Amino acid sequence: MKVSFLIFCCTVAVYAHSQSHSHRTERSLKFPDIAGYKTMKCDLHQHTVFSDGNVWPNIRVQESLKDGLDAISLTEHLEYQPHKADIPHPDRNRSYELALTEAKSHNLIIIRGSEITRSMPPGHSNAIFIEDANKLLISDSIQVFQEAKRQKAFTFWNHPSWIRQRPNGIATLTDMHRRLIKDKLLDGIEVVNEHTYSDEALQIALDNNLTIMGTSDIHGLIDWEHNVPHGHRPITLVFAKEANAEAIHEGLSNRRTVALHNNLLIGRDEFLVPLVEASLKVDTAFYADKSDVLTLVIRNLTSIEFTLQNRSGYTLHEHSDLVTVQPGEKETINVKTVKRLPNVSLKFEVLNAINAPNRHPVITLKGKMQ
Amino acid sequence: MKVSFLIFCCTVAVYAHSQSHSHRTERSLKFPDIAGYKTMKCDLHQHTVFSDGNVWPNIRVQESLKDGLDAISLTEHLEYQPHKADIPHPDRNRSYELALTEAKSHNLIIIRGSEITRSMPPGHSNAIFIEDANKLLISDSIQVFQEAKRQKAFTFWNHPSWIRQRPNGIATLTDMHRRLIKDKLLDGIEVVNEHTYSDEALQIALDNNLTIMGTSDIHGLIDWEHNVPHGHRPITLVFAKEANAEAIHEGLSNRRTVALHNNLLIGRDEFLVPLVEASLKVDTAFYADKSDVLTLVIRNLTSIEFTLQNRSGYTLHEHSDLVTVQPGEKETINVKTVKRLPNVSLKFEVLNAINAPNRHPVITLKGKMQ
Amino acid sequence: MKVSFLIFCCTVAVYAHSQSHSHRTERSLKFPDIAGYKTMKCDLHQHTVFSDGNVWPNIRVQESLKDGLDAISLTEHLEYQPHKADIPHPDRNRSYELALTEAKSHNLIIIRGSEITRSMPPGHSNAIFIEDANKLLISDSIQVFQEAKRQKAFTFWNHPSWIRQRPNGIATLTDMHRRLIKDKLLDGIEVVNEHTYSDEALQIALDNNLTIMGTSDIHGLIDWEHNVPHGHRPITLVFAKEANAEAIHEGLSNRRTVALHNNLLIGRDEFLVPLVEASLKVDTAFYADKSDVLTLVIRNLTSIEFTLQNRSGYTLHEHSDLVTVQPGEKETINVKTVKRLPNVSLKFEVLNAINAPNRHPVITLKGKMQ
Amino acid sequence: MKVSFLIFCCTVAVYAHSQSHSHRTERSLKFPDIAGYKTMKCDLHQHTVFSDGNVWPNIRVQESLKDGLDAISLTEHLEYQPHKADIPHPDRNRSYELALTEAKSHNLIIIRGSEITRSMPPGHSNAIFIEDANKLLISDSIQVFQEAKRQKAFTFWNHPSWIRQRPNGIATLTDMHRRLIKDKLLDGIEVVNEHTYSDEALQIALDNNLTIMGTSDIHGLIDWEHNVPHGHRPITLVFAKEANAEAIHEGLSNRRTVALHNNLLIGRDEFLVPLVEASLKVDTAFYADKSDVLTLVIRNLTSIEFTLQNRSGYTLHEHSDLVTVQPGEKETINVKTVKRLPNVSLKFEVLNAINAPNRHPVITLKGKMQ
């Protein structure tokens, strides 16, 4: 394999990508915890000048603090080092260490990681929670995963729908991937990378019990690439038992994630439904005098817009079946329950969340009457 | 019937209503024409100080010009005249005449109209394109429609889901309505009034071949009531053969309308589908070098946000099945067509449009390759 | 005198006027109290449909509540009644009474007033705090002021620079005005009316000990006329001993006012200086380690932008001599005091305040070191 | 001299600095040409990872393109190389060469430069338009300037008011500076560096015929440091005979500059007055019917806000003596000329421009009547 074949950078896409147009005005990303777990906001695939990125590691730390993240990993390409003439540093852990120093006085977890850079198969992969990046400089594509696992790494397949390696954009499992999965050498798969979301990657994750990942794969500046503050970078929400690195590792290993991409949440219902139900709270519920129409004030605790489809069986007095709730704001809906209900329990399909290709979770909004 | 029983004004709702949060920054409403018809933006239910509104007719004209409307009607209550002590003018056409004078040097059509104000049944109704409002001061609820029709009026049932007259908010046809419809005395029904949309009213329109109407029923100021410029008033889009009053009358009489309420379009597929297809144009369509992913730039020619659900059979490279297109802007989507297609023909369900309760039209985006 | 000669409405200016471009995003006007006085926000010259305005009195009350005003007067033209054919109500107090009803459950003072409408001299004048508007329908221009004074009114000269009555825009005192002033029949003068400010009117106020007034003279909608929320209407700040109508009357009579016009404050130094000094507070003052540069955080408590010119004798480390402080925000300035000062006492000329034509007050920013 | 003494970075200020609050919404900086010269927007003091900055040179090029600059220089510290352990590249021209490659296909001039890093005296200086940065690694503070001049460099004194080297913030000439100036080894002086402006530096420039410079001295990200797009970086406007590097060099050498800092322009009247007069154009000038008040529409062609003080001898009809003109917008003023003038020629003092400490240039707005 010639690594030089791979020097086309993900960020230099030859076509325009969709710009996010959310109502966000504050930069920091916000999601509530769910029962039993901390919701940890992680971007586990990033680059700096120590591979083919364009900033020093301290900028990645500062960006992440501005974005309100809990954990990041600077996953420099092991094999692709275009700045090597200028930065010949032999230690592939260097980027991690500089980030660690920068983050010292802040509440941001830095996770040691590296990108294993191959043509397809198996394409690019990340190994994070590793002990020593240098020991991953192994040319055999299977052996490098074995070494990563010897280091107790969490591994995931990067941008399986990347046009450079998949001209039709369709993520497809190869025999090598099947072997890696079977041998428990591959744990996760990016269903979201940079500006792309892949239905096929999601299906692969579901079919093979892989962890659903979303990452920025940032090379330039988050602000420019994601139109901050209107847009935001993709991240992985990890449901961790505690707010520390070990718990994130455990959460990732046990598939407890939801990927975020613009206003879209992608995950398994087991975590997606509690996340959305914790995100949308009933602030107020009452019947006005001389009216049998239920007034419900829904508060969105997150920094993304929700698009809901009414599945309550009742019709609404001001909306059709489509209801949007802006980030950080309240939305009032009036539900024609015909008779007065003793308490609120209404089903909505969450169109900006996805639990399988073209399938959306259904949540229940619950609340007590005033 | 005691009119004093009706003095509760629509605008003094006892509960909060949903505030629109669109990306609109320009005030004027914009919709394209469709094949064979001018798309006329009409608000045919409004009040001034000449009944229970709070402004002089010239303000209604100025508001409408700012909103980019083509036609309005000031439909003062015939029977409910709370300012009568101050404005005892005996001619119920006075409001119309003052608006006509104000609009003289502008491109705004003023349609003579009146509101026939009754308790339920039949509730409130509007008669527009009348000859003389004074002659509609008839106490019998059937005879007043007969007189309106003698004047060749177009008539419609106002806010059939009004809480004051329907405490559960459910629009329900009465025997009197059935008789009015059967005798061709009632032409249309408001499915949208002020801040409300009614699925049941839409079903009544469909079941009884009534014209689908949306009106502001404004009493105060449009700017305050509809959070201008972020929100906008509800209107009726009338598909008229020419841009004049007679053609609007003909279009209304032949059920050629789409009602607009926030970002929602309500109508029959026959007009809704061409309207949306004229609103969303394919600006650019191409396959980039070394890629079999179709890039499509969709331009939204209207002042409302569109929410589309992918029904093309293909998956998208950056979106899930949900795509939003902001007012007046472009959205790029990348479609994984697997093989290169010779031209574009992709189906989308339009979630912010409704052709029956809980049913959305499906449109086809068409374009040529570059 | 033919009243018909006066039918040109102030609002139909034939030229464009400057649009305010402030950073205001909240609508309500905010100014702090000063020592010994409540700062009462008053708009004492307004019109409704009861003379040549375009809205019912309740809209004026609602606008004023949105603008955070404390007191208003609806000063209908006594002699100019273009809506008389429609509103023949013989009682010229009617507008006041309707406003009073609307304001009942709100914290807004309604002051009975009328506009005495004459060609020049003496032009238009307002009499407020009157007992009965009907009794001011007197054709003699002196006698009407005498009757107003008999009713213990506060009177002021409206828009003395009005182009319709002063084609060169220069406010000029006539013999009739001199007589009214000498006989204590005229108390104040508008230096600000609608979109205009008059240096010459200010000089007349100073030379003749008249109360400095600023009013909207609104006929249409405040929102449209003043580009709300970016701009705002002109008002008079009255320094009153208590927050009630009598105290406003006493404050006006004793010349205790500052007029507000966009970001401009116009008044006598006696009130202007304490108002600005109460508006701009030193939040923080300190010398950083190893630095002899004083850091000062100034907080603007008002809803207008301040433009200050440094008169402290020191130079600044980040600004030239010009410093702006945005509405409701903080501005940090770094003052090169050469040696460390024990406390803060720095002079600034306030360029957006005026105490005489082309003359700006000088204030002292005071604070303690942290 | 111990270089380690100098490791305090300019960007880590221990106190808050003023945030710009302009109405700018577009990022690109805009200034018109003046008679005989191109107005070249230059930022000639910047850092990358090749000294103590935090980004790769390509980001500096991309930032500059977004800001609409014409020329930049990456002036790495020669003596201060905190990233040397990672980037040991021996060639001090490396940063320049990488920027040159990045800029190749763009319209941005890259000027070779270096920062000569010393404790005070003489503090830090930049040499730009050099031939070889490596040859400037000379420990003697005079000899390094002599070598720079041998290379035909343009040299300037950086941040003479820097708190780290001047705890009271007062720029002060030392004997060494006097000698450098006398020997024609020092050409310019930063009156603006990063967030600071120095009256004393301006006086030194004027007293010693030095070129007035403004630079960002950026180490981190322009977007974050200058609150883009609301704020912008400081730059030097160079008036060059042609749009190329040589002409910029010639313009700098001949003192033809204006420094820009937030909305402030600093320069000699010779260039400041034509720049402002080219920036503010009279779009329209007329007297309306029956009025002797001159209406003037002024268009601001730049991306900064102008604050003008009326020195015309006439009073204004809507403004006091203070007039602001927003970036890229029009402002209407109405001038009470008493008699009708045949053409427009009105003097204004430009408060947001400075030609000497506390002194502002006076410009003449000229235009023809419609």
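Order of writing sets the chain letters: A, B, C and D. Residues in each chain are counted from 1.
By our rule, a residue touches a chain if its C-beta (ideal position, glycine included) is under 8 Å from a C-beta of that chain, and two chains touch if they have at least 3 such contacts.
Everything numeric here is computed off the predicted structure, so don't read it as measured data.
Participant: Following contacts chain by chain, what is the lowest number of steps it takes to reach chain D starting at chain B?
Facilitator: 2
Participant: Chains in contact with chain B and with chain C: which ones?
Facilitator: Where chain B and chain C might share a partner, there is none at all.
Participant: Between chain A and chain B, what is the separation of their C-alpha centroids in Å?
Facilitator: The answer is 40 Å.
Participant: Just how far, in Å, is the C-alpha centre of chain C from the one of chain A?
Facilitator: 55
Participant: Based only on mean CA positions, could you tell me how far chain A sits from chain D in angstrom?
Facilitator: That pair's centroid distance is 42 Å.
Participant: Among the residues of chain A, pick out those that touch two or more other chains and give their numbers.
Facilitator: In chain A, no residue touches at least two other chains, as defined above.
Participant: Between which chains is there touch?
Facilitator: A-B, A-D, B-C, C-D
Participant: Contact residues on chain D for chain A in the complex?
Facilitator: Against chain A, the touching part of chain D is residues 49-50, 53-56, 58-59, 62, 66, 83, 85-89, 94, 220-221, 223-224.
Participant: Which residues of chain A touch chain B in the complex?
Facilitator: Going through chain A, the ones touching chain B are 14-18, 21, 23, 161, 163-164, 167-170, 195-200, 264, 266, 286, 288-293, 295, 297, 307, 309-310, 315-322, 324, 326, 329, 331-334, 336-339, 351-352, 354, 357-358.
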